[in-house]
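Here the structure is laid out as structure tokens; the discussion comes afterwards.
Chain lettering (A, B and C) follows the sequence in which the chains are written, and residue indices restart at 1 in each chain.
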Amino acid sequence: MGEHATPVPTATRTAGAELHVEVLGFYARQMRLIGELRVPEYVATFTEDGVIDHAHRGERVVGRQAMLASIEAALPRYRGVVVRHWFDHVLVEEIGDELHCSYCALVTKTDASGAVALEPTYTVHDVLVRRDGALRTKSRTIHRDTPADGAAS
Amino acid sequence: MGEHATPVPTATRTAGAELHVEVLGFYARQMRLIGELRVPEYVATFTEDGVIDHAHRGERVVGRQAMLASIEAALPRYRGVVVRHWFDHVLVEEIGDELHCSYCALVTKTDASGAVALEPTYTVHDVLVRRDGALRTKSRTIHRDTPADGAAS
Amino acid sequence: MGEHATPVPTATRTAGAELHVEVLGFYARQMRLIGELRVPEYVATFTEDGVIDHAHRGERVVGRQAMLASIEAALPRYRGVVVRHWFDHVLVEEIGDELHCSYCALVTKTDASGAVALEPTYTVHDVLVRRDGALRTKSRTIHRDTPADGAAS
């Protein structure tokens, strides 16, 4: 705290309830936006230089403009369906000014008849930061759940 | 605050952690009741004049007595299955004395063999109020997730 | 509070937000461990004399060593898939020094191609205790969701 304090290693601390619930609210709003295909608003929940890393297919998108283009290019896949992302087991760790969040995600696609198809499941690691008081995603790394032994049953 | 204070527009405020967790607990109990087909107890978690609005099929049920009749009429659909409602992305906003809650819902039906079928996904908007200290649902508006472009893939 | 206070019956109290979020964090870590088949670490989240009671099939496993053996014997069922447990409607009640937690669980199996199969749904009752500051599962009772009328639709 003093002027000449020796830097200390950055500690990891699990978020308390207020911060945890704030993060859940951030995700609730962010996932509604993508679910409603409000792509520019979704992209605005990332930092300007935010990164989405689809680790399982070696695809890394950097910056809001590139995200917007990438998602819009994928929109035909979502024609005729509503996509929902179901999160569980969210962990929120404070490391310095960043929040390191991880969670499991189940993805559904509901068509006009109400039929629901399951996409693969994922494990996601996010880094969130605060910009002008609001949480933003600085990076999102998405791993498709893949069996360790690599063989389908 | 003064005796002659000018009324101010009602502000919307996102619930803090204690209230958010209380709402999650309310939903946990309410959804267990309907999952166990304890219909009178489920209906009692609504206000006496509570409303369930199935917006996607233009069906609006008003008051506990009508709810009870409506749900009991639908029970044959649930013969031989356990229905579970899975909520995610719950947002809780305080507006005056009311809580405006919204969430995504996935609905499963598990039969006696353990096979699970998926119902459509929904987006739900609730208004909760406090009666004698306990939360109650004043209104529930249920929208089935429907693609904006209206065409099944 | 006095020296000679008469013992009072143990009250049940719903957990506040901090404790509720701590329990969710415990489950997040515990379920990641089993999802990644880190079985010894998973078993270490139970007390030494912990119990897993598969009530629906009359199977009761007592103690970490027996759990480890039981889970390892079941591993061939999980060859080629990633198993995820999705919790919802978690209720946490404090009763004396114990936490009585209950929740609904949906179980998915994702294979190497990304295809997701649904296992049955479950309702689970846990007793958690604190050991050296950390939460541990003292007992877990698992009920497969089974229709009251016992007949598949």
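Everything below uses one rule, namely that contacts are C-beta pairs under 8 Å (C-beta built on N, C-alpha and C of every residue); 3 or more make two chains touch, one makes a residue touch a chain.
Note that this is a predicted model, so its numbers are computed, not measured.
J.: Give a one-word verdict, same or different, on whether subunit A and subunit B use largely identical residue numbers at their interface, taking over half shared as same.
T.: Copies use mostly different positions to touch.
J.: What's the rotation, in steps of 5°, that superposes subunit A's Cα atoms on subunit C?
T.: Rounded to the nearest 5 degrees, it is 120.
J.: Averaging only over C-alpha atoms, locate the centres of subunit A and subunit B and give their separation in whole Å.
T.: Centre separation, subunit A to subunit B: 26 Å.
J.: Subunit C: which residues touch two or more other chains?
T.: Subunit C, residues with two or more chain partners: 16-18, 20-21, 86, 88, 118.
J.: For subunit B, which residues count as touching subunit C in their complex?
T.: That would be residues 16-18, 20-21, 24-25, 27-29, 31-32, 35-37, 79-82, 84, 86-88, 108-116, 118 of subunit B.
J.: Looking at the complex, which residues from subunit B come into contact with subunit A?
T.: These residues of subunit B touch subunit A: 14-18, 20-21, 86, 88-91, 103-104, 106, 118-121, 144-153.
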